[in-house]
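Below you'll find a set of structures to go through.
Across the two complexes that follow, subunit A remains constant while its partner is subunit B and subsequently subunit C.
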Partner chain A sequence: MSAARSKVLLLLPAVAVFALLLVAPILMVLDESFRAFEPGRIGSVQGASLTLANYAELLLPAYVQYFAQTYFLAFCASVVAVFIAFPISYCIARTESPSTRKASLSAIVGLMFLSALVRVYALELTFGSAGVLSPVMSFMNINPNGRQYINFVIVAGLLHYAIPMSILILFGAIQNLDPRLIEAAQSLGASALSSHITVTLPLCTRGIFSAFVVSMTLGVSAFIIPWILGRGRVLFISNLIYTRFSEVADYPSGAAISIVMMVLSLLMIFSMSRLATSFERT
Partner chain B sequence: MLKTEEAAVVQVEHGINANLALRLALRKRTADAVLRIGVIAVVTITSVFLLFPVIVTVFMAFDARDYIGAFPPTSFSTQWFVQLAGSDFLWSAFKTSLLLATATTIASTTIGACAALAISWMTPKWSDLVTTAFLSPLVLPGVIIGFGLLMFLSVHDGLPVFAKLFAGHLIIALPFAVRLTLVGLAGISETLREAALSLGANEIQAFFTITLPLAKNGIAAGAVFGFATSMDDVTVSLFLSDFNTFTLPVALTSLIRSSFDLTIAAAAVALMSVTLLLLIVLDRVLGLERAIGRKT
Partner chain C sequence: MFSTRRQFLKSATSAAALGASGSLATTVGARAEDTITAVDWGGNYANEIKKLAAKQSDIKVNWQLHAGGAMAILPKIKAKWPNPGIDLLTGWDPSWQMIAREGWAEPVTTERVPNLADIPHKLLVKDGSGNVINIPRTISAMVWFYREDIAPFPITTLDDLLDPRLKGKICFPVPSLGSNLQMLSLALHKGGDERTMEPAWEFMKKLARSGNIGRIANADTDITTSITSGETCLSIQGASAPIERARNFKIRILSKMDKESGFRTFIYHEGWCVLKGGHTDAAFKFANFAIAPETNAEFNRAISGVPVNIKSKVSDEIKPITFNNEEMERFAYIPDWAFLSTQTDAWMKRWEQEIAPLL
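== the complex of A and B ==
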């Protein structure tokens, strides 16, 4: 058996799975997104006429607002996550006791592995309108059904995953850093803060960018967090696609939203990695 | 006269410099202290934010009251776990999930490990490309995968729901199998295989006696990740489930939306125990730091 042929044979099952279960479905979504939709049917009719109406519809303010809301909340969560994760990650990477490091890393991996539903339920039980913090909310005169508060709870939900994730990503970047660089800066008279801003941060650019991109990607495509914590008042793009399928059976519109969402996600990942590379060069 | 004056000026200047240096050092020390306090505050607040909801859920699951009351509960009982055990709805969902996760793990681990092995033999340029392609389901929104599969599979009527769910879980679990097998393979030195070959083993013998035993921890970690992904998925499953066949997360989602009671807290505690078990297995087979890709 030649090496080339065995390579092909070993790859074949995985390639087949990808072609059949990922590429073909996405091509079908793409095709569906250009089909005309007749209300009252499930999906488009066989051989329905081609149209751009499903995409044109997305330019209406109502749809733009869904996109804006999703990206805005995901952006807030990602920025906060990276800001919070950086010092924590630094502390874990530089701690002297191996057992402390092991314990904190285990806790963080545990939090990341936490089932999405457990996370959402725990947050609803804590911050929700019937949750254990509701006496505190009424004491502080916060309306738990107000839009601002719901937005806050959704960001909290996104952060609950994004913070542990960012800590782990940044942990790798900080661990690869030479600790003597910081010591040198500080012995030459820089304060801890300015030495971190001028030495640590620039050297961790790639880590910071990738933590942000991962948080942002997960935040934008979040489904269960806004669905439960948003209580129907705040919907993300993912939820909008789902309602197109479950409530109105307007598959072509759902398909068009999916395609736009996918293109935006890929564009964001691509542009951020380009930006990270150019930052590193300067 | 002039000399002493000069000396005095120099002395005063020295004094000023020393004073300035002292003040700068003091300012630096205060700035450092402020930073330290700030960092401690961030660490504390974040730990509370991350852990408090989990602790609340665990405590509330053992609450003896039959409503969601103030935290912490005043008395404890296992009534919610009894209710959980008596719920046919959740039990059938749990069985489906367990069966599905097992099938997904076996399939994704086998297919993914084979693919990773082939990738490890490629030139770096090709292996990067193929790996990126295989990892792409990780960055694609789950809704799109679910929606696409729903449309694609509905063309083939009569396909059992379980098979549809299996297809969806396979595609989201496969990237982990590929990635972690590659991590496992990366640690193996090529000289070992060459040594086996030069001692008279053929390619197949060398694979089964050298490569596979050394890569098995990575493969096992991929299996753990695949199992966890399958047990945990809501988004893809929601599209592919129907009224008779549904997974545990789908059942729990509909429960959270319809009746927000503490049976779900009990189910959450049960799920957390499964997660904990998986993490312990992961730590044993690969070590947590390697599994998360921070060490190879």
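== the complex of A and C ==
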């Protein structure tokens, strides 16, 4: 009994901080999302009437498209990131030299410290329509002003974060994998490829899903990458939220978008978690 | 940072001494009143106003910069109200309207700002109680302009924006930037005005479908970067920026074009308001210093703006945005700012729903 009480007491400070800094602001956002907005004012006025209009507006095809676009591009970036990160993580985890492993991990962690603006403008200066590769693209008959091309550059921007993060997550999963299991499979006649597919990958499922979910989270919440690389023509949900709060001061609408985004993200994490569990069972 | 322990201790002691003297000064109660927090635009504006502030010693200014457009700071002020931590806030016509509605500004009088007497009264904005809330410092204009060195042909009318030769070469601002004066231009050209924007939306749809828009600007910096990098060649912006760019690039400012061209010039003014609850007397004192004839002329010469003080001299470089009465009639347009400030939200949503999907 006393042990249970101690646990509760130990948890109390963390719960208090969590409630104060996360739950309370989210409740305020939730309340704001149901308030009517008076044009020309900053946020909802005191005593503003309750309304569902801020949510109803998001059912318009244009907004459904913004959500779909955000999740689709984040999904593409996450899939590519996991595909690229896995072999790199595998190599680092299986490197025999501890110093090479340390140096590789330090380099990956170091990448995370590079400013977002530096990465974004580096991509813009390279792949933008006035970038250094512009003549090459022109020669290859690629239109740098086309929508698909802009989407490609945004995905490249998202990969700047998703790949290092996925490598770090997958590194843990691969390192925890007992290499004797693969040796056993191969000693029983499995080829390198089939032992990789039937032993390594299934045992890394949880890590792969974790890397994917974290990459998705980074992608969906990306702000500066679509803001700059999207040239204002491709907007992510974060950009819409920023515009609502900061540029037009329509807090209720911005709050409604935020709540919908949060619910969708929670649903995504829940589904991915279920999917990972079912994969592990099979 | 500290190479030796002694050095560290020395610095720590100095910091402690500074802290102690600071708190002593606060107790005495004299210094705090003389230090204000002011928010100004970045780039040239910030550099020049700091130079100006250095020429006086009565008021110490803790400078902060706007992040994004003039509206972006208003939600932050609301979140911190009634203690915004800002004494002097720069803004322009549309933001004054919103500040007036919120009742945040300290009333401005000639007793508190004597130099206000030399500023045209037409520039003063009043709140619901009839109090003046702004201290103008610069008259400027939103102008269309293009880079002649990279434009594929001389651009003479707004209809040229649909020319296929301008594929990907236009930098068009979103409606929340510049109070949507860019679309007001389109409306005026097609027979509408700020209250009849339908013709502008129709033109905008054609423009979006044409593929001529290379970048949608969300902030002034987007325009500057896009134009100077050569990504796009044509845009609309507050005149200071294109006038400054014209020192290094071959830029044609379309500020004095006939009405038929559609390239209208929108006159606006920038300035300060003093927020309630802070160091209001010191803020008024600094603003009064900054709008004196010489200081106002010096600042505006540096930022390529027109001084508001009628006793200030005007530099030659800003001729594109100086108008006599006849020119005002022919080239300029002063919109209904109060109305514009209530439309941004609706226009932005319509943009997201009807224009952005076409880009």
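Here, the second predicted complex is superposed on the first by the 257 of 282 C-alpha atoms of A that agree within 3 Å, B and C clash if a C-alpha of one lies under 4 Å from a C-alpha of the other, contacts with A are read in each partner's own complex, and residues count from 1 in each chain.
We take it that contacts are C-beta pairs under 8 Å (C-beta built on N, C-alpha and C of every residue); 3 or more make two chains touch, one makes a residue touch a chain.
As the structure is a computational prediction, the values presented were derived from the model and not from experiment.
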- Task: With everything superposed onto subunit A, say whether subunit B and subunit C fit together or clash.
- Result: clash
- Does subunit B (first) or subunit C (second) touch A:A211, or do both, or does neither? neither
- Who does A:I241 touch here: subunit B (first), subunit C (second), both, or neither? first
- Message: Going by the contact rule set out at the top, does A:I269 touch subunit B (first), subunit C (second), both, or neither?
- Response: first
- Message: By the touch definition at the top of the document, which applies to A:I154: first (subunit B), second (subunit C), both, or neither?
- Response: neither
- Message: Taking the superposition on A as described, I'd like to know which of subunit B and subunit C A:S115 touches: first, second, both or neither.
- Response: first
- Message: Looking at A:F37, would you say it contacts subunit B, subunit C, both, or neither? Reply first, second, both or neither.
- Response: second
- Message: Looking at A:A130, would you say it contacts subunit B, subunit C, both, or neither? Reply first, second, both or neither.
- Response: both
- First (subunit B), second (subunit C), both or neither touched by A:Y63: second
- Which touches a greater number of subunit A residues, subunit B or subunit C? B
- Item | subunit B versus subunit C as contact partner of A:A249, first or second or both or neither | second
- Considering each complex separately, which residues of subunit A are in contact with subunit B in the first and with subunit C in the second? 43, 128, 130, 227, 245, 251
- Given the complex with subunit C, which residues does subunit A contribute to the contact? 37, 39-43, 57, 60, 62-63, 65-66, 128-130, 144-145, 147, 227, 231-233, 235, 239-240, 243, 245-251, 253
- Message: Quick check: in the complex, which residue numbers of subunit B touch subunit A?
- Response: 24, 27-28, 31-32, 35-36, 38-39, 42-43, 46, 49-54, 56-57, 60, 68, 70-71, 110-112, 114-115, 117-119, 121-122, 130, 133-134, 136-137, 139-145, 147-152, 167-168, 170-171, 174, 178, 203, 228, 231-232, 234-235, 238-239, 249, 252-253, 256-257, 260, 264-265, 268, 271-272, 275-276, 278-279, 283, 288-289, 291-294
- Footprint of subunit A on subunit C - complex, ascending: 68-69, 71-72, 74-75, 77-78, 97-98, 101-102, 167-168, 174, 176-177, 211, 213-218, 222, 229-231, 341-346, 348-349, 352-354, 356-357, 359
- Item | Residues of subunit A that touch subunit B when the two form their complex | 1, 3, 6-8, 10-11, 13-15, 17-18, 21-22, 24-26, 28-29, 32, 43, 84, 87-88, 91, 102, 105-107, 109-111, 113-128, 130-132, 135, 156, 159-160, 163-164, 168, 171-172, 175, 189, 191-193, 217, 220-221, 223-224, 227-228, 238, 241-242, 245, 251, 254-255, 258, 261-262, 265-266, 269
